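Below, chain A partners chain B and then partners chain C, in two separate complexes.
Let's look at the complex of A and B:
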C-alpha cells in the first residue's frame, strides 16, 4: 500500500514549514550564541553562552518570567473552568442554543489588536464601561485605573485574554462532549446516579481529552503571549506587565538580535519543559474507552 | 401552585440568566464600538455606552476616504485566501500520508510539525530568511510566512480526523484502480469537509487579523491589511475615536461573515480533529 501514500504528499507542507519556520527558529537559536547587534559597527562575534549569562543576571528577565507565569496560570485555569461550565450548558437542548453557541466564539474571530483597543476604552479610569458597570451595580468603590495601576494591570490584561479566548476552549470541549454516548448517561440515570455523579463518572471521562487539549493550548499560548500586551500596556506601567514576548520584541527593536535570540530559546525551552510533562501526566489520567 | 413544576421553571430561568449575563459580557464591547462609530467627534471622546444624540452615518464614508480601506481589504483578501487554500491543501495531503504510513520516519515528521505548536515563531531571523529567499517585502513572502506558521495546528487537526477514516475505504478505491492523487482528491478529501471548514476559519482568522507580521514583513504601508488601517486615525495630538470605532466595525465585518457562514461546521470539525488527535 506504501505507493498509495507517496512521500511527495508531504513535500508541499514541508517546504514552506522547514524553509521558513524551522529555518528561522534554528537561525534564531544560532544568533543566541553571538553578540550580533544591528546598530553595532564591529562585526558580530561568537560569545558562547554569554547572552544567557547576561539574561540571568538581568532583573527584568526574572520579572518578565514571573509575569508570564502568572498570566499563563490565571488564563489557563479561568478559560478552562468557564469553558467547561459553558460547554456543558451549551450542550443541552434548549431554544436559542445556536445563537448562544455562535455568540461565545465571536471574540475569537476579532484581531487582538482591535480587542486591545476596545479594552483600552472599557478599562478607562474615567467613564470606562467597566467602572460604570461597577457603579451601576453599587460597587463603585471598586472602580480602578485598570491598566494604569501597577496592582491591577497584569490582572486586567489577563482578563482580556480570558474574555477573548474562552470561546475557543468552549468549542473544543463541546466537540469532546459529542463523543459521550447517550446510552451511558441513560444507564447512569437508571442506576440512580445524580447529576454530579453522572458528570464525574461518565461525562467527564469522555471530555477529559478535550479539556487536556484546552489546558495544553492555553499553557503554550500563555507563555507566548505578546499581542494583547502590546495592544494595551506595552509592558507598562513601568515594567508591571512586561512578559517574555514583549521583552523579546523590545530587545529586537533595540537591535540586539543575539540577546533576543537567547530569550526566544529560553522561552521555547520553558514551554517544552512545562507542556510535555503536563501532557504526559494528563494523558495518563485519560481512560482508554 | 404545585411544587413539582416550580422547580424546573426556576432552574430554566437560572440557566438562561447565566447564559444571558455571559453573552452580554461577550457582546457588549462590540455594541459599545458600534454605537460610538456613529457619534460625532465630541460625543465619542469618552467612549461610553450611551445612545448617540444624532446618528452620523457619514463617519463611515469618512473612514473610506481617510484610510485606504479598499486597498487594505484587497490586500487582506489576497493574503488570506491564498494562505487558506495552500494550508488546507498542503496540510491535508501531508496528514493523510503521515497517518497512513505510520512508520518511524513519518512519526518523526509529525513531531516535527508539532514543534511548530511549541516553538515561538522567530520574527527577526525570519526577516533574514525571507531576504535569503528573495521574497522579502512581497505578497509571496508574507503568504509564505502565514502558510508556514499555520501548518502545524492544521496538520494536528487533519491528522486527528484522518485517523478516524477507515483504511478499507482506500483499499476499495485502490482495487478500483485509483492512483494516489485520485484516491486522495476523489475519495478522502470530500470526507474531510468538517475539518476543512474548521481549519479554513482558523487560518482565515489568523491571516485576516494579523498585525505583527504585516508590521515586520511589509515595509510598504500600501500592502498592509485591514487591522493596520486603525493607525490612520491616530496621531500624537488627537484621535478621532468615532472614526476608529467605524474602522473597527469595518475590520470585523468580513471575518464575522466568514465565521457565521462556516460556524455550524466548526464544532463538527473539532470533534474529530483536535479532540481525537
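Let's look at the complex of A and C:
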C-alpha cells in the first residue's frame, strides 16, 4: 500500500494532464493524417501521408525550416555564452549585485508580445532608438531598417530573443555556480593555475550540467519560436523571417487543420530528433563529481 | 482567533472572491476578443417583439472609420431605437481574429462586414437574402456578379457601400507640370515615366512592407489581361492552366521586371508603407500609386488639397479596362438574431438611407435608384470607364483560391529583384498548395 502513495498523490495532476494535454496532442497528430479544412464543403477524409508529401514539396517549408534553424543556432549560442559570462560576473561579490541579478531577469517576466511591440519602435528606421543611439556615438552609417531589411530582419528578431531570455539562463547557471566547492578553487590557485585554467578545469566542470540544461532549453525554445516573430515581422519582409511557428499559425488560420497538424507533428519530430541526441552527447561530457 | 475560525474565514473570503469574479463578467462578455470594445460578440437583447434590440457588427478598423457608417448607425438608432454595436478589429488582426473565431466555433457577431467573397457564406454560416425586397433594386450587372459566387445563384450578403475601383492613382499636378497626358499604351506610359524620373520624381511607389499594396498592381492589370484572355480565371479555377502558363500574366511579370530595371519604382520597396506612399504622392515626390478607392478617405482627411485622379494601366493597344471591385458587404450570421439583422438591412437599403449614405461616402452606386452627385475624384474618373463599358469584375472575388497575405510576399519578389520566371514558379506553387489545402476540385 505504502509503495503506491507517490502514485496516489500524482494521479489528480496526471489525469487532467493526460486528458487535456496528451490527448489533445495525440488528436493533433491524428489530424495530420486527414485533409480537414474548416472552410471546405466536402467532409474530411483520411489521406495518410498526403499532407506530409505536400509539405515537403512546399518551398515555403524549406525556407521556414532554414530560418528556424538559423534562429535557434544564433540564439542558443549567444544566450548560453552571454549567460555564462554574466553569471560568472554576477557570482562575484560587489555592491549592487542583487540589483543587477534582478535587472537581468526582469525581461523574462515581460510578455513576449509586449517585448516585440517595444522593439518594433526601437528598431524603426526613422527615429528608432537603436539608430538614434548609433548616430549619437558617431556610427550613423550603420543605421538600418532592422526589421524591414531582408539582410538584417532575422538577426534583429534573434537579438530580441537573446535580450529577453539570457536572464533565464543566467539564473540556471548561477544556481550551478553555487555548487562549486571553494576548496577546489583555492587548491587550483595554490597549484599555480591561472584564472582561465581554474575556470576550465574546475568551475566549468561543476557548472556543465547547468550549461547543458540552458543549451537544451534554448534549442527547444528556438525551434518553437512564434510570438516574437508575430509581434515584430509576421514572417516578413517577404518570407525572410518565416519560421515553422508562423507557418503553422497561418495555415491554421486558413482553415487547413490537417495540413497545420502535419506541420506541427514535423516540428515536434525535428525538436525530438535534434534535442535528444544533443542531450545525450552533452551528458557524456559531464564529469562525475 | 482559533485555527478553525481562521480556516472558516479563509474559506468565506475565497468564496466571496469567486462570486465576485463570476459577477464581474456581463452577459455580453464572452472572453475578450481583440476588439477595442473589449468584448466578444453578443447576442441581441431582442425578445422577438417590438422592443428595441441590439446587434453586434464585426468590422475592420479602417472600414469602421470610413465616412458614413457611424453616422448611419446613429441615425438608425434615432429612427428606430435599435442599436448596432460596432466592434472594430485592427486591420492587421482582422483576418486572424475572424478566422480564429470561425475555426474554433466561437461566437460570431450578428453582422459581419467583409468583401463579398464566394467562401464567406460558408465561413460565416450566413443567412440567405435572395428573397429580400431590396434585391431587385441592385444594378443588374452587380447582382449577376454577386449571385455568381453561389453555386445555387443565391444572395448571401447586402452590398453596404458603392463599388470601388482599383487602378493607378496619379498626382494631377505632377502630370500637368511636366506636360504629360494620360498614357494609354505601354510605350506612352514608359515615355511618361522616363520624363517623371528625369524630373527627380519617383514614377511609381510600391509599399511592400504593408503587403496589400503589392497585389493592387496585379489587380490593376488583370482587366487588360482578361480583355485578351477572358477565360483565364475560369481556367485557373479549374486548374486547367497554371499562372505561369497564362501568357498575359508572364508578360506582366516581365514588364514589371523591366520597369524595375529602368528605375521606375522607389528604392525602398521592401520597407515602403501605405501611409508613406500617400504622403509622397501628396508632396509630389511620387507620381503614381496602384491603389483602390479605399485610399480616398485617407487622402481626403490628410491631404485635402491633393488634386488626384484615376487611370487604367496601359496595354499594348491602348484599349484599357479598369478593375471594379465588389462592393463591401454585410452578412447576417444565421442564428436567433438573423431576422433583426435583415430588418436593419431593409432600413439600410431604403432609397432615403442610401442617398444619405451616398452623400457621406460617395462611391459608384450599386442600386438602380441610388443618386450620388458628389463622387470622389477617383469615382468620377471610374464612372467614365464604367459608362464606356470598360470595367471588369475584380479577379480575386472570382478566383477560388483564397488570397492570403503570404501571396503578397510572393508577388513582392518581382519588385525586389527576383526574376520573373522564379516569381511565377513560386506563385504557382503557392496557389496550387492553397488550392489543395482548400480541397478545391481538380487541385
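Descriptive notes on the structure:
By definition in this document, the second predicted complex is superposed on the first by the 284 of 289 C-alpha atoms of A that agree within 3 Å, B and C clash if a C-alpha of one lies under 4 Å from a C-alpha of the other, contacts with A are read in each partner's own complex, and residues count from 1 in each chain.
Going forward, a contact is a pair of C-beta atoms (placed from the backbone, for glycine too) under 8 Å apart; a residue touches a chain by one contact, two chains touch by 3 or more.
Nothing here was measured: the structure is a model prediction, and the numbers come from that model.
Legend: residue contacts after superposition of the two complexes on their common chain; A:76 is shown touching neither chain B nor chain C.
Shared-chain residue A:254: touches chain C; no touch with chain B.
With both complexes placed on chain A, chain A has more residues touched by B than by the other of chain B and chain C.
Applying the stated contact rule after C-alpha superposition, one finds that A:21 touches chain B and leaves chain C untouched. When the shared chain is aligned, chain B comes close enough to touch A:272, but chain C does not. In the superposition on chain A, no contact is made by A:215 with either chain B or chain C. Within chain A, the residues touched by chain B in the first complex and by chain C in the second are 252, 257. Interface residues of chain A, counted against chain B in their complex, comprise 1-7, 9-10, 12-14, 16-17, 19-25, 27-28, 31, 86, 89-90, 92, 94, 98, 100-114, 117-119, 121-122, 124, 126-127, 129, 132, 163, 167, 171-172, 174-176, 178-179, 209-210, 213, 220, 224, 226-227, 245, 248, 252, 257, 260-261, 264, 267-268, 271-272, 275. Interface of chain B with chain A (complex): residues 15, 18-19, 22-23, 25-30, 32-33, 36, 46-49, 86, 89-91, 93-94, 96-98, 100-101, 106, 109, 112-113, 115-126, 128-130, 133, 144-145, 147-149, 151-152, 155, 170-171, 174, 180, 183-184, 201, 205, 208-212, 227-228, 230, 241, 244, 248, 251-252, 255-256, 258-260, 263-264, 266-277.
Contact residues on chain C toward chain A in their complex (touch as defined above): 92, 95-96, 99-100, 102-103, 119, 122-123, 208-209, 211, 268, 270-271, 402, 404-406, 409-410, 412-413, 416, 426, 429-430, 433-434, 436-439.
Here chain A touches chain C in the complex through residues 35, 37-42, 54, 58-60, 125, 145, 148-150, 234-239, 250-257, 259, going by the rule given at the top.
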